[in-house]
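Shared between the two complexes below is subunit A, which pairs with subunit B and subunit C, respectively.
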Partner chain A sequence: MRFTVERDLLADGVGWVARSLSTRPITPVLLGILIRAESAQLHLSAFDLEVSGRSQVEADVSEGGTVLVSGRLLVEIVRSLPNKPVEVRLDGSKVSVICGSARFTLPILTAGDYPTLPEMPAAAGSIAGDLFATAVSQVAVAAGRDDSLPVLTGVHVDIEKDRMTLAATDRYRLAVREVLWTNDRPDIAASALIRARTLFDAAKALHGTKTVTIGLSPTGGTEHLIGFAGEGRIMTSRMLDGTFPPYRHLLPSESSSVAVVEVATLMDAVRRVSVVTDKTVPLRLSFSGDALRLEAGTGEDAQATEEISINFEGDPINIAFNPTYLTDGLNALEESYVQLAFTASGKPAVLSGRTEKESGAENSYRYLLMPMRYPN
Partner chain B sequence: MRDETTILHVDMDAFYASVSIIERPELRGKAVVVGTGPRSVVLSASYEARAFGIHAAMPVSMARRLAPQAVFVEPEHERYAEVSDAVMEIFESFTPLVEPLSLDEAFLDVEGARKLIGSPIEIAKRIRDRVADEQQITCSVGLATTKFVAKLASGHCKPDGILVVEKLETISFLHRLPVSALWGVGGKTEEVLKRFGLLTISDLAHTPVETLERALGKAQGRHLYELAWGRDDRKVVPNEAEKSIGNEETFARDVDDAEVILREILRLSERTGHRLRLRELKGRTISIKVKFADFSQLTRSRTLNEATNITQEIYAVAKSLYEGLNLDRARVRLVGVRIEGLITKDEVATQLILGAPDHGWSELDSAVDRASARFGRGALRPARLVKPTE
Partner chain C sequence: MRVVIARCTVEYSGRLSARLEEATRLLMVKADGSVLIHSDGGSYKPLNWMSPPCTLREDEATWEVTNKAGERLLITLHEIFSDHAHELGIDPGLVKDGVEAQLQLLLSERPQVIGDGWTLVRREHMTAIGPVDLLVRDANGRHVAIEIKRRGEIDGVEQLTRYLDLLNRDPQLAPVRGILAAQEIKPQARVLAADRGIDCLILDYDALKGIDDGRPRLF
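Now for the complex of A and B:
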């Protein structure tokens, strides 16, 4: 095997598959990245039995072949190379990587029992890469990180005709995003549950891709897979087991008061006021008239308050939130204004974006946030 | 150094054994040993049992050989914690300066309480009366001008006694004791001192401090010399809030069955949750400990977003930590569950949960706690913890 490849192309291709490297492999071959050189293309792949990654990279292949090398080492080496053509060749049981004046040799791993990667499931539809990346990042922020509740570490994807609904919750907040996509199989209604971390990384890496194809394995099959493909890169992931809790009934249909404020103004105030407290100590908000008062800290501890002017309609309300969760919600909005809708101080608030102060709320993204309650 | 004996060391007499006897008066006056499993050690023994040579930390099997007629009882850790809390509360009604050393002993500084309540000895008597009246157990109190002499004094009047070591008696009291009575003199140090022919505290006190510093190292040599002359300026420091609460259990036989281990983890989670709720605490960091047949051990912990004292939440985390170990039928000797990062309940605002019913695990736990208070521990417990024969 022998080929020459552009350093940046190689780095992108290796970076994509490196996400699927196993960290605690049940067999050492899963620590490797498989490189197959064939007719002007490199095919890179990695697989941790749950997530598989494949990428194709254009290269000048003078001699075809397949090797398996340590994934971690390859990532480190490629990252450190100068921006020059990279020559790779197999010398006996070692692979040489030569770039400019730098030269590395790394041993090959036995590829004999390397598992077969799952096929990309049949395409269900497609969506623009940047839209997909934004939508995923907006909901992934609300996903749980606690492995003792595995269902909540996932993003739920619900497909119905040309509408795709993404949702995630850690029980304290719920983020829901609806996007339009191109459905190739309009007859199917399907849903999938994918680890939020995996989906977030993949969507982020596909941000610059014009169209991302999404594949779903047929329901009822033995393997429940979802796949993403775009511009020579493919990722498949096994879906999480379990049933995502029904959440649509949690979205309140009405509210008793609504506040509108510029996102940046509110974020700055939240950041300043929560300086005095630990991040799990509540931030208290009082809405009335056309002012919002933010307070943090009690009793003997350091305290902070700030008042900002807002547009407010409805019954005055006092409510307390975990400042981190509130900031996460504000950060996720694409618009410059946020609308906060309340029903009661023990009930969830709904954050949604507004492009202008007076415009209607954008309902494509909603972030439900449960308040905190003080002991009596 | 103070002139009056305002430092008290209060030590419960055979604490665990005495607590076990409270509810079983028929055991009073008998040799009672706390600890039953063939592989456990004796946690406590009544004075009647000690007469047979049984002492704490001795293997239960050996205690059974020494006194086959003794009554061996199961430890009741929740009860010990409850009685200990009650006793510490009694201490705190006399002075805020209470430094608990363990569940069953504490230092008290009653300097400031003299005007309000009376002389130190008067206070000591009243403490002993109240502990006996309210908790039906006895304690011994040592009074001195320093912490370490007070502790020695309580040890010398056990059980059920009071000993005052006045300032002027301190030296003569100390000097007839063996060096091993000094704080910080364990087996190794004792060996060294013996080689120098120093057997009593008097011997040590009459050795040039430079010699001691050479033999034991600068800090320890100087420290022991000061103690030998009754000089100890350590203050009684009220304990900071408890840092962690946990329970562990040694299996009667090494276990490799995950089902059995998880059931034990559930039981320990329940105990830990119960103790947290008794003290009105919540914690954020949950850890498990697993000790294997070869005595090697692992601990794993996870910090939650929200502090909890709910049994099922503690169990869910402990279970996932255990499963994360991916043990392949390894033989397990002991498991433990612990919770840290404790805060009192009123300090914490609760993060409400989306779509949670108005009544949940938290209400279940308080119902269990109420049933336990009324009908005894374990009156109400998860079905998995009920033995098939019950």
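Now for the complex of A and C:
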């Protein structure tokens, strides 16, 4: 095997598959990245038995072949190389990587018992890479991190015709994003549950891709797989087992008061006021007239308050939030203004974006946040 | 991994001299180059060993293991009963649950477990000699420092005593009392804790995990 490849192309290809490298493999072959060189293409792959990654990279292949090398080492090497063409060749039982004046030799791993990667499931439709990345990052923030509740560590994807709804919740907040996608089958209806971390990483890497093809294995099959493909890169992931809790009824249909604030102003105030407390201690907000008062700290401890002017309609309300969760929600908004809709101080509030102070609320993204209790 | 069972004598010379008289033992030569000599019982540790990096030179009936510091392990093999080598591959490593960190997190979310009306002031409250696991306030608003251990031993009591000494110099906090919280607490540690006016609290990890932390949830 012998080929020459542009460093940046190789780095992109290796970076994509490295996401699927196993950290605690049951067999050492899963620590490897498989490189197959044939007819002007490199095919890179990695697999941890749950998530698989494949990428194709253009290369000048003078001799075809397949090798398995340590993934971690290949990633580190490629990352450190100067921006020059990279020559890779197999010499006996070693792989040489030569770039500029640098030269590496890596031992090859036995590829004999390397598992077969799952096929990309049949395409169900496609979506623009940047829209997909934004939508995923907006909901993934609300996913749970506690592995004792595995269903909540996932992002739920619900597809109905040309509408895709992404949702995640850790029981303290719920993020829901609706997007339009191009469905290949006119009457498609399907749902999937994917580990939030996996989906977030994949979507982020596909941000610059024009269209991302999404494949779903047919329901009732033995393996529940979802696949993402775009510009020579493919990722498949096994879906999480279990039923995602029904969440649509949690989104309140009406509100008793609505506040509109500039996102940046509110975020700065939240950051300043929560300096005096632990990140999990309630941040108290009082909305009335055209002002929002933020307070943190109690009793003999350090305290902070700030008052900002807002647009407010409805009944005055006092409410307390976990400052981290509030900041997460504000961060996830694409628009410059946030609308906060309340029903009562013990009931969840809904954050959504507004492009202008006076414009209507964008309902494509909603972040539902449960308030905290605090002693008066 | 090479495993040899043989009747051998072993001589070590280096920082001190040590000798193992002739007996049947297990010799392990690991892929990282280390050589370990085990007897059948007595301890889980080897009787003697050489840690890597070191070199093994084999003659017909003697092995000479040397390292850079000039230490030398001379193994004389009188009779070899078995000699096997296996490729073990890369070990995924031992996975330990971060019990103390988990206990700290669980207890910080549920200070009401210690007593009604108790509230969290801060996790990892910094002092000049290190962080106290939890600083909380009891129902009367008095500060309590909690040191969390998996097993409560004398060390834990000593550590908490030092923290309390420092914390009590702070007029904003004083008086601060202490609680040693652990999954199990040694009797000696209990006695010392009682002597120092420190309370002991047994934590049940599984029960703690099952208790609702009282934070309002969406569902």
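Just so we're on the same page, the second predicted complex is superposed on the first by the 374 of 376 C-alpha atoms of A that agree within 3 Å, B and C clash if a C-alpha of one lies under 4 Å from a C-alpha of the other, contacts with A are read in each partner's own complex, and residues count from 1 in each chain.
In this text, a residue touches a chain if its C-beta (ideal position, glycine included) is under 8 Å from a C-beta of that chain, and two chains touch if they have at least 3 such contacts.
Note that this is a predicted model, so its numbers are computed, not measured.
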{"item": "Combined model on subunit A: subunit C and subunit B, fit or clash", "value": "clash"}
{"item": "First, second, both or neither for A:82, with subunit B first and subunit C second", "value": "neither"}
{"item": "Subunit B versus subunit C as contact partner of A:242, first or second or both or neither", "value": "neither"}
{"item": "Touched partner set for A:300, first subunit B, second subunit C, both or neither", "value": "second"}
{"item": "Contacts of A:360 with subunit B and subunit C, given as first, second, both or neither", "value": "neither"}
{"item": "Which superposed partner A:147 touches (first subunit B, second subunit C, both, neither)", "value": "first"}
{"item": "Which of subunit B and subunit C A:278 touches, first, second, both or neither", "value": "second"}
{"item": "Touching partner for A:346 - first (subunit B), second (subunit C), both, neither", "value": "both"}
{"item": "Which superposed partner A:25 touches (first subunit B, second subunit C, both, neither)", "value": "second"}
{"item": "Doubly contacted subunit A residues - partners subunit C and subunit B", "value": "148, 169, 171-174, 245, 247, 250, 280-281, 346, 348, 368, 370-373"}
{"item": "Complex contact set, residues of subunit A against subunit C", "value": "24-28, 31, 148, 169, 171-174, 245, 247, 250, 278, 280-281, 299-301, 346, 348, 368, 370-373"}
{"item": "Subunit A residues touching subunit B - in the complex, by the definition given at the top", "value": "146-149, 169-174, 245, 247, 249-250, 280-282, 320, 322, 346, 348, 368, 370-375"}
{"item": "Subunit A-touching residues of subunit B, taken from the complex the two chains share", "value": "302, 304-307, 316-317, 319-320, 324, 345-346, 348-356"}
{"item": "Partner subunit A, residues of subunit C touching it in the complex", "value": "89-90, 92-93, 95, 108-109, 120-123, 141, 172, 209, 214-219"}
